[in-house]
Amino acid sequence: MLKRFLLIGKVQIGLAIIGMFTLAAVFGPWFSRTVLEMTPQQVDYMNLTGSPPDAEHWLGTTSQGQDVLAWMLHGTRTSMLVGFASAIIGTVLTVVIGAWAGFSGGFVDRFLNGTILVFGNFPTFALLFIVAAAFQNANWLLVSIVIGGIEWAGGARQIRAQTMSLRGRDFTTALRTVGESRARIILVEVMPHLLGVISPMFLGLIAAGVNQQAALAFLGIGNPSEPSWGLMINWAMTQNALFRGLWWWFIPPGLALCLIGFATTMVNFGLDEITNPTLSSKRMKLMRIFLREKARSTSSHSQKELTAS
Amino acid sequence: MTEPAPLDALAKAEPTAAPAGEPPAGSSPERPRSGSRASRLAGLVYLRQRLTMYLIVAFASILVNFILPRFMPGNPATQMIRDITNRTGAPPSGYQMRLIKARYGDPDRSILLQFWDYITQLAQGDLGQSAQYFPISVNELIGRALPWTLYLAIVSTVLGWMVGTYLGARLGWRPGRRLDAILTPVSMFFSSIPAFWLGLLIVWYLAYMNGWFPNQGAYNNSLPQNLLSPDFLLSVLYHGALPFFTLIIVGFARWLFSMRNMMITTVNEDYVQLARAKGLRENRIRNRYAARNALLPNFTGLAQSMGGALTAVILAETVFVYPGIGSLLTGAQAARDYPVMQGVMLMVIFASLLFNFIADSVYVLLDPRTREVK
Amino acid sequence: MTLTTVPQHLETEAEIISRLEDSPVLLDVRGLCVDYVTEAGNIRACDDVDLTLRRGEILGVAGESASGKSTLLNALGRLQRMPAATSAGEIRFHPTDGTEPVDLVGLTEDELAAYRWTKISVVMQSAMASLNPVIRLGEQFTDVIRTHNPRIRQAEARAQAAELLTMVGISADRLTAFPFQLSGGMQQRALIALSLACDPDLVLMDEPTTAVDVVMQRQILDQVLAAQERLGFAVVFVTHDLSLLLEISDRIAIMYGGKVVEVGTAARLHSTAKHPYTRALRNAFPPLSEPVRRLSGIPGSPPDLLDLPPGCSFAPRCAAAMPICHQRVPELRDIDQGRSACFLTNGELSEQELAVQQHPPLNGGHDEEGEAL
């Protein structure tokens, strides 16, 4: 299962992109400090008005003479931090509430299901905006908590449904009659079956976290002392980067956002192909090859018949 | 199978999209159903459940709106009174002062009474007054901006949905062809582009570099605002071109691939096979038997996406300096104008809930299975 | 008119044989191969299948799951879905109007349209999954009626649909119902009525009664037989339930591992089955009409089509297997009253060879001795 999953081209591309950004988030600031010997705040007085990429500033400088690559590397850390933190918070909530609801049934289930429905209909960004505006300069953790705290509902609904069907299956009933505790059954026996639901959700939450944070920072509600992709776009916009021709300042953060979203979509597509084989592009390709070869062999066959007669 | 609900087929056919909330599962399929009147009633029951839920969501967001300023660092009420004093040169009147305190926390009143005041004001449709443009009411500011936002949001979402769904149905009917191999990954990329970033690129290229389109605003300012004047309407369309383009590019893709995948799954369903065996015309099989069913999850998705669509519109508006909610919001944010920010966000939440409810109602019409009695 | 009566006239075996011999050929299947294209390699689910179906014949096809019987049925109707594809062979359809026979395998989808439903219709296994859940029952009847005969008006088509439903004992007012509003048995009967909408020459039935309870199964079978007697269409009836086939079929083909291993009349297979697998299958299902007795399952499991044994694919599970069964694939040969693909009965080996095989000169550890029933 895992091997087949990893063999899909879409999954490989997606995971490679996510892995690359994760590496950049972990080692980027260190790299920028020790190798590039630059920080986002540092101003290069030789390139004050923004200069295009060159050997010294690989991605050029901003209109304030700051290094864009250093900004990108630090920004990746913040953005990915928000992405992963909100994904972890959201996933934990999803699994706990979804599995709890699915496994308990009765009143608890009805109550939790109602909660899931309510949260599922909350417009995340609106709430995030209100919270962030209320707590001025919301830091990455607060943003993650709000994103993770609202975005869990969609997954929880699926987990609940899955758990409910697993609960009815023979092996869980058997375990319960043997006297296994409910928590243990959920954790050890049921969880592995739910990975197919949890992993796409986790990836989706990373993308959602990164994007929402970027949107917030773009509107200028984020923490201005935390460099992030959204903040870069915001500054580039307010400084009229594009209109002054400083595209190297504006393009990279947006492209990074596109790539993160693209990567998660790719991986989720790959997952769909595993769980729903009719979607498998590999199979479609095999089928096309098979039919083409068959058509070729029958046409050569009939030609032979023609020449024979 | 523990639950042989008639919705099973639908649930099975929904690997990508979540079902429309609570699955309105019917009872055992062994019992023949009563007439259409009962099922219409059942549809109403379902809608009532949804409505109750939206009301809870609305109440919860009001609660959040009420609580947050009271936990905010610093005292917003005092700060606002100071702001207004600075701006107008005189402290607000006693009545104004009471209203502000009712809204943002009054240390002298119990929290429950404060909540009661807050709710009664809201119930009268009063969102307070802007701190920035004091004494203009928030209602008036929103009233001016909301139509523009709704126009952008509804038209761009519906157009994007139609384009994406149509293309997805075509691709999913015959997957694996060259067009599919190109368009599907490309649309995956498109769906991940942040609207505000693409908007800036488009403004820069099409408006600033080439001057083909106006770079800001919603209409030609030199024309009188008259909805009956063709010139004015044309200028509205002309000014809307770039925002629409941006929002559709960003928006159509997710419908494309969700519809494509649903279509591939549906084409493999027995009922489509049977339609094929019946020798019906290909158009009919594709549209009436396959796409009709594959459409249902996409429709649910449309309902659930309206909140997100409003967000994208708000972000895009700030780029195009479109006089809608988004511009109002960013302006208010810059000036720390809490009444406007909160009012706008409440409006956004209410609007997306309203859209959800409308979509639910249409869904009941589209999927007869939701009319099942519980 | 409601068809609920059992056919009054029960034919003897000889009558069936002579009726079939007099009847012209309807479908002639030659060397049909169907492959499933998978990442692990191509799986041949139907291997070199030959069948002849005559007009008005009820041909049963029996076998375990994964024997290729449903794959065969879908191939006959040109209804394969994605990983399955016909890779060789032909399906010659002889139209009842006396025109030249056509090879269905070679037709394009457009050319096939002329044959679909008016000549060949299907009843699929799950009625709930086969009826479109969001289209009213009536429309699912009238669209096919009007597609194949555009001159019929909507009202007439509706009347026809009502008549068809009444025939299977469903009241005509159910035409306005959605499929999920019918009970499981009603859905299945509606599907059968639907299959008769354009007066087909051949109805392909894929386990049409497995999804319903035994009482309903009986009722549905009676209706199918009554309708068949009245309208005279031929049926290919696929199921794993051999005893059911023994009751309703004229002839039965037994499939194993993608191959037809035995063909014969129902009576002959009941009394003197020539293939050990047929006997095993017969003993695994209780006949509907016989008193309860002990049933024996078939030991072992169906073969892995990706990794078939070199000889007869049933040999690993066969109590009567001889050394040669593990080396060579037995041919499906004509025998007295049918065909068989077992070395013991198909006449491929001479009597001496058989004797040698059954009593190997060397005591090589094989214990087939005395197993020949």
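The chains carry the letters A, B and C, assigned in the order they are written, with residues numbered from 1 in each.
What we mean here is this: a contact is a pair of C-beta atoms (placed from the backbone, for glycine too) under 8 Å apart; a residue touches a chain by one contact, two chains touch by 3 or more.
This structure is a prediction, so every number in the text was calculated from the model and none was measured.
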item	value
Selected interface, B-C versus A-C, where C-beta contact pairs are more numerous	B-C
Centroid comparison with subunit C (C-alpha atoms), farthest chain	B
Distance between the centres, which are taken as Cα means, of subunit B and subunit A, whole angstrom	22
Between subunit A and subunit C, centroid-to-centroid distance (C-alpha), Å	50
Interchain centroid distance [CA atoms averaged], subunit B/subunit C, Å	53
Residues of subunit A whose C-beta touches two or more other chains	278, 284, 287
Per-residue multi-chain contacts in subunit B, two or more chains	268
Where subunit C touches two or more other chains at once, by residue number	82
Residues on subunit C engaged by subunit B in the complex (per definition of touch)	77, 79, 81-82, 109, 112-118, 121-122, 124, 126, 128-135, 143-144, 147-148, 174, 176-178, 180-184, 186
Parts of subunit B lying in touch with subunit A, wherever the complex brings them together	2, 15-16, 18, 21-22, 53-54, 56-57, 60-61, 64-65, 68-69, 71-73, 175-176, 185, 188-189, 191-194, 196-198, 200-201, 204, 208, 257, 261, 264-265, 268, 304, 307-308, 310-311, 314-315, 318-319, 329-330, 333-334, 336, 338, 341-342, 345, 348-349, 352-353, 356
Subunit A to subunit B touching residues, read off their complex	113-114, 117-118, 120-127, 129-131, 133-136, 154, 157-158, 165, 168, 207, 211, 214-215, 218-221, 233, 237, 242-243, 250, 253-254, 257-262, 265-266, 269, 272, 275-276, 278-279, 281, 284-285, 287-288
Contacting residues of subunit A [partner subunit C, same complex]	278, 280, 282-284, 286-287, 290-291, 294
Subunit B residues within the subunit C interface of the complex	6, 9-10, 26, 29-33, 36, 268-271, 273-282, 284, 288-289, 292-293, 296, 366-369, 372
